[in-house]
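Chain IDs A, B, C and D follow the sequence of writing; residue 1 opens each chain.
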Amino acid sequence: MLKTGLLGAGRIAGVHATAISANPDSELAAISDYFPENAKKLAAQYGTRARTTEEILADRSIDAVLIATSTDTHCELIEAAIAAGKAVLCEKPVDLSLDRARECQRRVKETGKPVMIGFNRRFDPNFSKFKQSLDAGEIGKPELLSITSFDPAPPPIEYVKVSGGLFRDMMIHDFDMANFVMGEVPIAVTAVGSSIVDPEIGSLGDVDTAAVSLTYQDGRIAVIKNSRRAVYGYDQRVELLGSEGLLQAHNMLENTVVKSTAQGVTGAKPTYFFLERYMPAYAAEWNAFVDAVKTGNEVPVSIEDGVAALAMAEAANLSAKTGKTVKLDEV
Amino acid sequence: MLKTGLLGAGRIAGVHATAISANPDSELAAISDYFPENAKKLAAQYGTRARTTEEILADRSIDAVLIATSTDTHCELIEAAIAAGKAVLCEKPVDLSLDRARECQRRVKETGKPVMIGFNRRFDPNFSKFKQSLDAGEIGKPELLSITSFDPAPPPIEYVKVSGGLFRDMMIHDFDMANFVMGEVPIAVTAVGSSIVDPEIGSLGDVDTAAVSLTYQDGRIAVIKNSRRAVYGYDQRVELLGSEGLLQAHNMLENTVVKSTAQGVTGAKPTYFFLERYMPAYAAEWNAFVDAVKTGNEVPVSIEDGVAALAMAEAANLSAKTGKTVKLDEV
Amino acid sequence: MLKTGLLGAGRIAGVHATAISANPDSELAAISDYFPENAKKLAAQYGTRARTTEEILADRSIDAVLIATSTDTHCELIEAAIAAGKAVLCEKPVDLSLDRARECQRRVKETGKPVMIGFNRRFDPNFSKFKQSLDAGEIGKPELLSITSFDPAPPPIEYVKVSGGLFRDMMIHDFDMANFVMGEVPIAVTAVGSSIVDPEIGSLGDVDTAAVSLTYQDGRIAVIKNSRRAVYGYDQRVELLGSEGLLQAHNMLENTVVKSTAQGVTGAKPTYFFLERYMPAYAAEWNAFVDAVKTGNEVPVSIEDGVAALAMAEAANLSAKTGKTVKLDEV
Amino acid sequence: MLKTGLLGAGRIAGVHATAISANPDSELAAISDYFPENAKKLAAQYGTRARTTEEILADRSIDAVLIATSTDTHCELIEAAIAAGKAVLCEKPVDLSLDRARECQRRVKETGKPVMIGFNRRFDPNFSKFKQSLDAGEIGKPELLSITSFDPAPPPIEYVKVSGGLFRDMMIHDFDMANFVMGEVPIAVTAVGSSIVDPEIGSLGDVDTAAVSLTYQDGRIAVIKNSRRAVYGYDQRVELLGSEGLLQAHNMLENTVVKSTAQGVTGAKPTYFFLERYMPAYAAEWNAFVDAVKTGNEVPVSIEDGVAALAMAEAANLSAKTGKTVKLDEV
């Protein structure tokens, strides 16, 4: 039984609390938050205790922590947790600073404790099946990957200000998806971006619409498209052209009802946003973490993966600004 | 908090146990089964007590029972439960005998206790959405309904023997779906059936493949197709032609991955069987029951609905045997 | 070069004129019509001559006639044409009277001349592919066939009066489709029908909405659904459950454009009506006729096929009126 | 009646011959080819005369020429044809040299004769409908365009050698599609490409897989993906994210048959290649040309459009080589 402390009590922490409770091999032992009231509320809901982060880290009976706090605290908490001998599952990104993230990565490596980064999409049943088909050789050798990732609506402008920008905050998921599918990191990143959805985002120096090309050692290419606004819902599609076929993971739809009238044939929209779409992925992610810790196997998404995605975001930022392809070993 | 006793500890009882536990307004207070060991096992899994049915019915602190026992005990348990003052959710069918079911219906009417019959499909999110669209007038006046309902594989022959036959055991769900969609019972039933999937089913006097037409007072028509075997999975589709359009509820698929190769374009199969497809429907069904009991509103699927579907099955049996249309008021 | 006379110059004759002209092995030698002006107009359009039917039949240089006149003239013209030594392709139905059609069938048999009936749907590329897959054993042994066939709008009431009724005029295509797919005629027909689209159709003793079940010697079942009105377009679908899978032929759509907005995901409607949907089928039908005549092979749709479909329509009429299953050998 | 000379008698010329013959307002008056035998053969098939190009241009009764010769002759023939007073429809590309194409464009402008470039895809019914929906404001303001364009198999290596490379030979269609959809040319082109399908293509200095981003004055972005090989057929999709929705034009499929078995649900592949997919587009293209010449309206695809697409190809070549974004006014 993996006794787990949940650090953070915000919206995504609630999703993790459900997953931790549902897994028969883990137990939600305590919850902390910057605002103790939030921790209390969530703890009551899940029949557990609200404690401080310090208490949780100091409690030797707690085996693992799930870090779901604000990004700027991730590295510090990872380091404190592994120092306290805990296994760690930390929400993405590792940090907004690549240097800081690399420093954290070094420390993780030193301790050898299991630290997993929460790239939940790898655990979505559709993308899992996609990867299985690819690995089984069903479309031959991969050649050209395409990731479409649109949010239903831009976040509040206050969030945009502290987000680290579209490449680090939003496309980082897609960088990791590319790494997951392609099985390695690219050698170069070429990015274009603009602020066309909301000029206020542009006035902060950020973009809301972007296209990035990744190139790989052997000539493979990946294209990622992001937009902060798709009014029809969360658009999350991946497709890969291989030497023997094309593999696509389409959107999940709200329902299967289709209406045909004189105006056309109308079906349901994609599921609205990440909570609707990725709820099963969050559960599967937690289960994979528990399994890894239990068996002593490597966690399926390492801090190296987290740092790699962040480096790609950094390269994309640089490329979008300079109009030049940026090699990944330059950042 | 609706304290609930679960009568029966088989496979479907497990599904209900999950739903009862998950609803914040209900509590799984006890489980009984013909085989006490089964009740103990399930009770342990859900952190509750195994008791006898008699104890459960006698316990005044228990507000409701969910009857998930074998069909031949349904009427007796409904009657005992309402006599003990409990609200009841009973799995379909009410009984295999129409007379017995009608007798039970009379008793339920006398006590006025809430008794709901478990036609879970009404609560499937897709069929719910379908009904909402229809009721909102999106395809005008309904004219021609079509229900496709195929199981992935025939049940064991031992089950077939005691099932009451395809019309009472399997198509009864579709009769209720027709009543749900059309908002009334038909006036006549015309059925053809044959044993083509498995001759052993035929040797028992039962059919494994059938087509039934229902006709309504105002000329509307419904067609139901059943097969005991669709090797690609559970095929559960409903479509309705109306004066202003067509409404379809398609199958749920196992995933959204599509592979295009020189051999064609291949996607996932429908979800395998009722547990995969209707898990959310069982939860929504329970929630609707709890809401009705809590608010004092009528239960959304009454024992009248259960009897009506059974009468249609009876009429279908008669029609298939005689080669004549059978009026519903003849059975 | 098959020199062909086209009897009839109405709308469908124009479709045939195009097919005759486009086939490099046939030549549109003359056109006749009850209204000579219509023949002249069509002849001018296709660069051929308007003549009388008598002249065409008497002209020994003409090898074949395509009969696209009104139904009541079909048998007479078939008989005159084979007496004149011509090969014949005649539009469906053979006649509205089953007796008259059978008389014609006998005469055709006596002369041994090739007479093909215009069940164009057999030549639709989608249904052809469907049949090929079935014949290749891709879904195992057929068990349960379902044909959906809805017109976009009811015909003018004047047409309904002389049409012979829905079963003989409209569903006859679907009876032939069932025979085509199943490879034999059924043993019994069970029909229900009503007038719900347009009460005026009902006041003529006809139906506009119907469901028919066909049963076969070995237990197979087919279901046909017809409606005179589907406001979203011509709905022409066939699906067949077999022991190893399901085969479906879906509708052709007007285009492949899909629009996703906050209101849903909307695609194109089915192609509007038979001219849009079956234009390639008419050409393929003609080509098959020319091939058969050229090679001396049997025509792919015989007058027996035409009579069989008519007998099924007769049985359906009787069944709908009596509420009883009608054996095909009773009509 | 537009009397038309067809210059070239290769495969695509055959397609054009059909379109010219089918249009009631145009007449295929003569055909020429570098190999006179080819011209004779095609002329015989369409019931017209084989002549030399010089004779065709000198014949004052000929109103228009359709240039379907090898690319290196396009400019010369355009210039000769307009000098001879003919209207011109010329296959893409205008030339492989941007300078030469611009010179030709200048001459066309001087004479003011109608010269249309054969970007046939603009006339595909699906892309036409796509554009209509966009222009009708159905998805609001366009923001992010994505064009997927894969050939089923690489061309012979001998063709690759003289093709001008993927950007000028293949992606030029997609550059024009972007201009068609976006309604203006981009300001900058960013390209990555590699030779991963066939190393021999790479050894010629060409690429077989490429991704290009286009950026527009107002911040809009377009992404084009090309591959020389998609084993499942010709993959031709366009999608556009707008402020109020997403518009997609999907592939045409070979048929509508879908098979569900224990192995999955399999449908037809996309139509095989451009002849299958774009046959209706070639006809519509010719009809649009005839209409423009007849009415004196501007041709719907001008030589400016042809030069613009070529300039984008040039920029893409430069960008792929240098790893830098290339402004369109730099080429």
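Assume a residue touches a chain if its C-beta (ideal position, glycine included) is under 8 Å from a C-beta of that chain, and two chains touch if they have at least 3 such contacts.
Predicted model only: the values in this text are computed from it and were never measured.
Enquirer: Quick check on the contact network: minimum steps from chain B to chain C?
Expert: Shortest path length, in steps: 1.
Enquirer: Based on the averaged CA atom positions, which chain is farthest from chain C?
Expert: A
Enquirer: Upon optimal superposition of chain A on chain D over Cα atoms, what rotation angle is obtained, reported to the nearest 5 degrees?
Expert: In short, 180 degrees.
Enquirer: Need the CA-centroid distance for the pair chain C / chain D, whole Å please.
Expert: Those two chain centres are 40 Å apart.
Enquirer: Using Cα averages as centroids, what's the distance between chain A and chain C in whole Å?
Expert: For chain A versus chain C, the centre distance works out to 57 Å.
Enquirer: Can you list the chain D residues in contact with two or more other chains?
Expert: 230-232, 244-246, 260-262, 268
Enquirer: Applying the document's contact rule, which stretches of chain A touch chain B when the two form their complex?
Expert: Contact set of chain A toward chain B: 125-126, 129-130, 133, 138-139, 244-252, 254-262, 268.
Enquirer: Given the complex with chain A, which residues does chain C contribute to the contact?
Expert: Contacts found on chain C: 230-233, 253, 260-270.
Enquirer: Which bits of chain B are touching chain C when the two form their complex?
Expert: Those in contact with chain C are residues 143-144, 146, 148, 150, 188, 190, 192-197, 202, 209-211, 213, 215, 218-221, 223, 225, 227, 229-232, 235, 241, 243-246, 323-325.
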